[in-house]
Structures are given as C-alpha cells and as structure tokens.
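Each chain gets a letter, A, B, C, D and E, in the order it is written, and its residues are counted from 1.
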C-alpha cells in the first residue's frame, strides 16, 4: 500500500524519530481497511490479565483462544492488534506478517484492590523478537504510584525508539488522589493525554471524556475562555488540541460493552471532533464473531466517511 | 558571535569543567539578543505537564502547538528554550541549530496532590540525541522527598558533564515541611540557591524572593549583620551573593501571568541586584504572539541596560 | 495484503526463526506487485561503491540521486530495495513505510585489484535504526579471504536474527583460487548457494549459472547421475535443489546491462527452473526511468505467470 | 616533604590498603605546617549546604566566595580542605596541587526538619576527577535512617579504596532515637567513633565529648572499671582508645563559633588526650581572614607542641 | 545567526539523522563569515603529525603554538577548525564556544614509508568531551589497508551519530595499488568521494581533481557519455554529482602551499563547479598571520560571490 499525503503529513510531525520508528508508525497507519486514511481502529485484548478470564471471555467462549483475536483483527481489517506477552507469543509466528502487533509492556490484575500501578510484564526486546510494530504501556495519572510508571515508560520509550519501535500510551486517570467522577472529566482526560504526549508517546489512548470539569483551577479557565464541552464532539476536539494541537495521534477506547447504536454514535462524535480512531476490545471480542466483524467494519465505515 | 570579555570571565568560574561543558555554557551566553552581555532570557514551557493543557494554553490557543514555542523563542531573541521531552522531540529537528535547547529531565503533574517530587521523564542521552545545550532539573527543598531529588540530579549532573552538558537547576522550596509563607522567603530562596550550587549546578533558577525571613536561626543572622531585604534589589543581591559570591549564574522566574508593568518593574529589580536574567514562561506564551515578543524584547532591553 | 497459502508454506520452512524474523520475511514476500505469489523482484544499487559513480550512473544521470532508486523500486512494484548505508540513510526517512529495505552490510570498491574481500560498512543496529526488513552480505567463495567473510556473516546473522532481521547472502565465487570460467559454472554456483544456506541465510542470491562444470570431482558426479545442465532451466533447477531442496529462497542477479529480450529470456529460464525471482540492478537503473519501470513490470509479469 | 618515622608508623596500621590509598593518607599527613608530625588540622566548609548561606557566611562575607576557603586553608598551612561538590568544582582547577582536597560525598540541608539522613551529593568518580586525596561522609548513629547511611558508606568506601582514596567519616550521633544530651556523651561519642572505624574509615571525625554517660549499660561499665571522664583529656583518651587503640586517625570538630581562648583550651585537651588533630570550620572562616589565619596557626603550634 | 533557506535545504538531505547531528551540521554551516550561505572554509592543522613540525611550522614559527591556529581560524572567520587530539586539547577550553571544532580521529606520520593506513588517535568520547561539532577521519582508497579504515570509520560514524556528531571524511586515493598519476585523476577522485558518501559521511573532503582518467573501465564510460573533464569547473561538477547528486557536502583541499593567485584561481573553479567550499591548511598557516587572514577572507569573498 502506498503512503498517502495524509500519512506523510502525520509522519512529518515526528521529525526527531529515526526512520525505523517512522516505518513502524507508517505500518500502523497503512494497514487494513483504514490504511492510508490517517485513521486507526485497533483491537486490544488485555482483559484476560486486567479483569480475569471469565469476565472477559465467557460471553463468547472462542475468545479464550489466543488465535481467535489475531484472526478477528485480520478479518475485520483492523490496523493493529494489541495484547500482553502471553497472548502474542501464542500465535505471533503463525500469523507473522498478517497484522501489525503492539506488545502491551505492562498490565495490572484486579485480584487485589491496590493503588493502581501496572507491573512491567514484557520487554522491548520481546517486542523486537516478536516482530511487533509498537510497544504499549499504561499510566495512571492520579495514582500515588504515578511517578514510578512515568519513569518506567521514559526508560522503555528511549529503548524502543533506539530499535525503531513507536510507543502507544494508555493514559487512564485513576487512583486514591482522584475522585471517581474525575476519571473521565474532560479537563482530566485532556491533561492525561498531554502528559502522555510530553512523555514522548507517538500514539495516545484515552477514554471518551464526559461533560464534567473536575479541577477547580481548570474550571475557571474553561469558563473564562468559554471552551465548549457540551457535546462529545466538543470534548474530543479539546483532547485532540491538547495532544500538541493534533500533532500526536490520539485514539479513544470503547470502554465497557454496550449496544451497537451506542458504539456507533460515540464513534461519530470521535470522528467529528477530529479523533484519530478507536481502540475497541470488549465491544468487539465479546460479541459473536460475525457480529464483531460487522461492528468493526461499521466503525471503519464511519471513519472512512 | 565572538565571545566577550564578560562571557570569558563567567566561563573562568567553571574551571573544573571540560571544554564541552564550557562550550555549551558559552552557547547559552552567546545566543540571541543578549548574546555576549552575560545576561540571559530563557523561555521555559513545561506548564502543559505541570498545570495541564487548558490552564496553560487556552489563554493563547496557538500555544497548544509545539512549534509555536520554538518560533517564539527564536523571534524574541531568547538565549534558549527549555521544555520536557515531548515538546522538544516534536520540533527539535525542524529548528535544528536555531536556538539552544534545554531538556527538562523531570516533571510533576498536579492531578494528584502529593508530597512534591518530580518524575524523571527524560535522560541525558535524550538531551544529547536532541542536540540540547543543557539539561534542566527541579528540586524541591523542604519536601520529604528532597533527598531523592538531590541524589537523582547528582547522578544526572555527573553523566551530563561527561557529555559536555551543563545543568540548570530549578530550585523551588516546597513541601509539607515548609509553611506556604516560607516558600519565597528571602532566607529560604537564598538557601535553595546555595543548595543548587553545591549540587554542582551551572545555572540556578529561583523565584524572586519576598521580604520575609522564615527560619528562626536565619532571622538572628539577618538582624545581627543587618542584611538588607526591604527592596527586591536588596534581596536579589543576597541571592546572587549566596550563589558563590556571584560566581554561579542565577536567573529568576517570572511566576504567574501578570501585567506588563509589573513584569518590567520586577526585571529592573533583578537587574539592579545583579541577577543574570529571567526565565519567563507564562508571562510570555500566554500573551498573544506579538505582545509576547514585545514583552520579551522589553525585558532584554532592561538587561542590556 | 493478506498472506497467501504459498507464503505460509515458505515461512513454514524457517521453523527455528523467531516471529520477528518471520514477519520480515513475510514483508519481503507480501510487498509489491508480486506480493503473495512467493516470487520476488528486488532492486539492488550498490554499484556506486562497487564500480564507481560514473560507470554506474553516467548512463542515466538522475540515478546519481539516492531518492531516485527508492522511487524507482516503489513505482515498479518491487518487493524490496537493497543498498549500502549511505544510499539508505539519504532517504529512508522520506520513504518510510513505502518499501521494504535491505541494508547491504559489506561492500568492496575496485580501485585496487586485491584478493576479493568486502569491508563491513554497516551494522545490524544501523539496519534496525533505518527500519530495514533484512540485512544483506556478500561472500566470495574461492577467495583466500573467504573464511573471514564466512565468520563475519555468521556473527552478523546471529545478531540480526535476535532483532528479527533475516539475512540475504550474495554468494559470488571469485578469487585467486578459482579460474575465471569457474565463477559461473553450474557446480560452483550450486556449491556457493549451498554454502550460503548452510551459513544460515534466509535468502540466497547467485548469478544464473552457465553450462560449465568446473570441479573435477563434480564433473564425475554430474555425469554419473546424469544431472542435466544444458538449458538455463536445467541449471536453475539444480541450484534450487541445492538450496535445501527448494526450502530456501534463492534469487538470481541480472548481471551486466543487456538488451530487454535477453533479460526477459533469462527470467523465463529462472522461472521455469523454479527460481524465486530476480535481483536486478544495472539492467534497471541504467535504463531511462520509463524503460526501467516497463522492464521490471515485464519481469514481474513473467513471474506472475 | 619526607615521610617521618611517625607517619610511617601510622601508615603501618593500614596494611590491607593498596599503595594508592596509603599514598593519599601520606599526602594528608605530610602536607602543611603539621606535615610529618602525625597531627592534622583540616578546614571543612560544608555549612553553606548544612546551615544555609547567610548563617554560614554573613559573619565574614568574603567567605561566600569558593576561592576564599582554598586560599585560607593554604595560607594557614592546613593539611587539607574539605567541602561538597559545588565548592570544590568552583576552584579545584585553579588551586590544583596546592592543598589536599576531601570531597564530602553526602550533605543534608536544614530547611525541613526530618529524621537526619544526608543525601549523597557527590560520587567517588567526582573525587577522582577533581584530584581529591580522600572522600568524606557523614553518618548519624541514632537516626532511624542510620542503616541507609552505613550501607551507602560501605559501598562508597569500597569503591574509593579501589581508586586509592581513603575515607574520612564524620560520625555524629543524632536522631529521634537519641535524646539531645546523648549526642555528645562520652560513651556515645566513643561508640560512634568505633562504628566509623569498623565501617572501614581511615580517618574519623567526632565532636569533643562531654562529661556525660548516656547509656545505662555503659554507665555500669564506666563505673566498674573506673574509666575517668572528668577532664576533656580523659574523655579524648577514651575516644582515641576506642579507635582501635589509637591505630585509626581520629580528629575532633571545633563545633560552633566561640572565643579564641576557648578554642585553644579545647585543642590542648585534644592534644593531651592523644587526639590526632582538629577539623575546624566555623571558628576559622567566620572570623576575619587575618584572625582566622592567626587562630589556625595557634592551633597548629599547640599540636606541634 | 538564523538558519537560511539554503541551510535548511542542505539539512533536509540528511533525514535519517537525529536532531543532535543536524544541530551540529547547522553549527558548521551557520558559523563565521560564510555562515548561512551553504558554503564552508575550514582550517585544518594536522601537518605537525602528518609531515613533522619543521616542515609544517618553520615557514611561520608562531604556528608551532596550538593557540595560534584557534585564533587564526576565529579571526579569519572560518566555519570550523580541525586538528588531532593534542592540538585541540591544548586550547579547547580557552576558546570554548568561539569556533566549531572537528577532532581528526586518525592520523598518519611519515617517518616510515609504509602502505598508507592512519592510526586511530582519538575517540568519539574525546570529541564529545572537547565540545567538538564533528569528527574527522581519513581513508585511503587504493591502499591494501583500505578495508581496515572503512571498517574503523563505519564503527566510529555509528557511535558519533548516536552522540549527535556528524562525520567529515578525508578521502585520499593512495597506496601500492594505485599509480601516482591515479591519485588525483578525476574518475578516481569521484569514486573516492562516492565511497565516503556510501560510508555515511556528512561532509566529504577530496583534492581538486586533475584532467586524467585513470581506470580503463571508467575511460570508456567518460568517452561514451562525453563527460567533460577539461576545466577544473567541469571536474568539480562531476565530483559534486558523484556525491549523491550534490546532496552531500563536498569540500576541496588546498594542497601544498602555492601563490595567492593560484589559490584564488582554484577556488573560483571549485565555486563554479558547485563545490561547497575549501579546507585550507598549509596555504593559510604557513603564511605570515596577516597574509593568511587576508587570503582566507579573499577565498570567502569568492564563495560569497
């Protein structure tokens, strides 16, 4: 697939990166149904680690099998498939060259309720060895352990860049220093996205923000400068702007499983606000296979729009 | 630009440093409108990480874009531009060779209210790779985590010096062991500056001190030896003296955004007290571009005297 | 592009390689006009180093420009482009993600007439940094320095595999221990191909063999077992068989510039003998651009059969 | 200066050290007015870091300048000058070869009142690079963080010895586990000196002990064996004995600034008890320069006795 | 000095390099009288090592002093000063920040007449420590030891790039495999330049070529394609084209000392053929100081044209 003008423009915003890193960003952007459009739909499957197997896979038992997700991502025409070490190792050789892979380098289980801080469960060299096109990492701004995660990803990003691997940061505000209603507040989401960008992320993933402003100091600013936050489109636009004025790729998670109409409505809001795409796990793999493929294609149709 | 007598004198005060480090100190001192005068005006933009995007950039939305700040620093004739990893990576190649860069190696977000301790978010090798002329680092004397920061910067400074990179320390007294009114007290500010110098900083940045003496033991000394603290000029003089009798470069932050007259008045006080210059972020980039350039030039005019 | 049954079969013959290496072999096989057919046409441009600039580029002066060859390989629909460090560095970022790259890690100039032994002029980490999909290396069986080269590639291959990079070996019998007419003899060519395979090459490149049997001991065997060598197709078949019974990819160089008919005739022979494809330099880039594209497409048409 | 019999004897008590370390101990013992006598007077200036600049230098403002202290130590004929990184770096090249230097590797500020634990603010490699003859380090027996400091100095001492650098340990009992009146008790001081010796120090620095016995168990022993503690000379003798029966160099700090007679009286007590000398900071540099030189010479006259 | 459009264009031809390397190329191009024009005049002084002191410096004895050459390069407005380790170490701190430095990493003496192969006499870390803006290295195509030099510079270039230092290659065809009249033949010079470019050089230095074609195979090509070689301008143009169609900086040495008119005539030819500038040693420093400054300025005037 030839690289489009839009992809070239996006790559031009990463001028400090070596050709290897640019090549892998291009691979993410050029693959699948949305290849060349500058939009992405990624299938992430880390819920087995994060939520446990039954909660993740019982709704659609073939999804217990690691092969299942590779094939789903390929058949649906996704740009990439992201998962922890175990799931990737289980089938990376079998599907070699068929879809760009993202190795999620840290993960957190929920057996114990602790201050949120993921464990580093994979290495950059694992990603290289498995033929991945990027590394993934989760940070929890608002956690007392946030600095630990910021310092880990700093080190991993530097190493990954030296191997030509871009970094995808999942930035989820969460922790004992943040009330529940702050986690998806528009000011907090935009702040979390900015932190990921400043840490050197090439791609940022956040949740679609809600119409809440959480921080006192931010409230004053939103009011004074009349930053609109009423519609999802408004809020997405603010988050995109907070990602270096749109010069960093920012995609939005689908969150918990919901109805098809709700999913597609949200995707339209993301598109209209200038978001770069979606990363959609449970809404995909917890549906029966044909429904999942159908939904993902419908999502892509909206982005192609 | 040829190196002036004044710059040569300043360099002579760093006799233990290798020629690479001296070369980069000279680059900071020789660049821009104030090049050769021995004075500096630096543009720092770390507020996206430290305060969040809307609070930082909504007052002047073009500032969401990382290119904006490079261009502002260049056009205003600043000596250098300082920012975290993400902002520098986004445009360092595009503006290569146009302005000395300072990579801020640690940063702290304010989503959670915790004992102040910045996370290390960049490496010395990042600074080398990006063509920077110095590293920057924040310490919080008064924080329970101060020793962690002192030990981090000790290690980073040693590494940086081996690569010919000088160190700029932002020294901000803050933390649960220090009352609010102590943070900018003149004795505390001078002490914070001294600590930075003893840690091996080549350039120290503190806030302009207020006419308060915070520590009991210091109060006795200030009284006994009649150290004047009434005017800003008096207090700057004491801080400069506390920086190895003026043999370490000490510059002053502009603090929160304020009116032009207030900014310029403060700068005159800094100049008259023998300060080496200003590091001015929000007062610059939160103004419309033309106003910012105008203000920075007015500041430089004062230093040029 | 989806991975075909044929590509899957080829990949199955490299079961000891990690998924990264398989992914990069798949990238070579899945890219361009021949993507998915299991056939390859590669553009190699190392003649500037090997023969000098005028001999290489004067016939078609735009070819002095490193960008030219990237664009030619892309427009002609080649599977990959191979070149030494300088040529790749000059444009790898500009064409990032548009065509798989092979970094030729050793090269030999012809200013001095010495026993053939290429200098190592690039590293595996260079290949990683530039986003390459493979490394390339030349060995000269028959040279007194052959063991030096065998040992160098052994080390480089091991390192490359750890980064997921396959190895392409150019195997050219040559040197003071081999008469001129032995260099392209069918027994010698097959032997050279076997050596490359045994050294761990994933892809082998040899010259199309001539109807000569050079070694005394080989002559007896070819006669005894009536191995046919009369037609190019016969000889290619023997070489393919010598590459682990066809389980290693073996491609054939075009050699010095010649007429279009001669080129295409040869390609048909390669195809009919089961060769995996062609690596065609001077016959491509020394022609005017449109002719080169036309010729390469004609070659691909033959392989697509 | 030739090494005297006495210095030879002292060196003989460090038989496990390499010749580099012995050479540096000899440098300390052979330099200055007391060279060859086996006695030492050292100028330490770490108060800028430990107490703040005004408290340290306002009584004698030229002392704000790092050059001042080098020159004072040289002119007064001291054996060595000890300071933190910043002060040494500021002038080590200028005064190279004129006086042995001791780099104080850890320091503690007093802006926050926390459990005493110095930060490591310099490295052994810094000491090597600056041409120092020893490293210095403070431990606070009695602090909850004592083990951290013991483990740090253990590691640093091992590294320093490998580079031929002896270690000077400042051993100051202090912390939440020790009442104020215990800090200079004779039993506690002797115990602190012993700990430093057992940690591998070549030179130990303690405060002159007071006629107090702090520990219950110690009290019984002092009484039973009638260890005299009434005069300073008695108590010094006990401390010297506690330093491996006098086979480790132990010197005494001057403590806070006081009158000349009081200083000299104390020094006589140290001499008569067999102490190796004094380390005298504030009593020297807080006096006007001529008075300081005069005082230090008077101290040396007593030791030369 | 602001970066001109021309400098930006030149930098755009090094898209695989990190911002640090681009910054240092910009420093070379932006400094001195020719700053911003895209042209360079560099002062190289390695003749003390290469030819011996009397042959080098007796014609102008102040040139025995290392300071002399720094000051000459600064006063004449050169873009950079290049020398071996000893000469740079002798004054790099004194002239820190006044002129970009190039550390020549290998050098060859002529006390013994051996097959030409320079010794590596400096390291990349030396260049970093001394604040250099580039490394320099000599290769001798035509020498039996050429591969040794190619492999050394490959390794040094990779290391230098990681520190943001560009590479200048002196490419001098020479050795027992090349007749004397081949050393400056136009085909050989162009070939030597191409080899340097393929090895990853950012700047190439060759001698001005003579109207001789040395290689048999090249002769045929020059004739067939009627490549003009009669005037120096013709020949320079061919060399520039051989440097990646002018996308690598190629400068020309002045060679042995000669009259002012001859020097200036040659420089005009270099300029008219599109050469990037001159590197002029003996013709500069063997003249009396005022004459040297005058000559270098006259050379720069021609390039400013």
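Heads up, the rule we're going with is that a residue touches a chain if its C-beta (ideal position, glycine included) is under 8 Å from a C-beta of that chain, and two chains touch if they have at least 3 such contacts.
The structure presented is a predicted model; accordingly, all values stated were derived computationally and were not measured.
Shared contact partners of chain A and chain B comprise E. Considering the contact criterion stated above, no chain is in touch with chain C and with chain D alike.
Because chain A and chain C share one sequence, their contact can be compared position by position; here over half of the interface residue numbers appear on both sides.
Bringing chain D onto chain E by least-squares fit of CA atoms involves turning it by 180°, to the nearest 5.
For A-B, the matching interface among the pairs A-C, B-E or B-D, defined by over half of the contact pairs being the same residue numbers, is B-D.
Of all chains, the one whose CA centroid is most distant from that of chain A is D. With centres set at the average Cα position, the gap from chain C to chain E is 36 Å. Distance between chain B and chain C, defined via averaged C-alpha coordinates, is recorded as 56 Å.
Between chain A and chain E, the centres computed from C-alpha atoms are 49 Å apart.
Each of residues 15-16, 18-19 in chain A touches at least two other chains. Shown here, the protein chains touch in an arrangement that is not a line, ring, star or fully connected set.
By the document's touch criterion, interfaces exist between A-B, A-C, A-E, B-D, B-E, C-E. Within the complex formed with chain D, the residues of chain B that make contact are 13-17, 141-144, 146-147, 150-151, 154-155, 158, 173, 175, 177-178, 187-188, 190-195, 197-201, 215, 217-218, 221-222, 224-225, 227, 238, 241-242, 244-245, 247-248. If you check the complex, the residues on chain C that touch chain E are 48-49, 51-55, 58-59, 61-62, 64-66, 84-94, 107, 109, 111-114, 117-123, 125-126, 129-130.
Contact residues on chain E toward chain A in their complex (touch as defined above): 15-16, 18-19.
Listed in rising order, the residues of chain E touching chain B in the complex are 1-3, 7, 11, 18-27, 29-30, 74, 92-93, 96-98, 128-132, 162-164.
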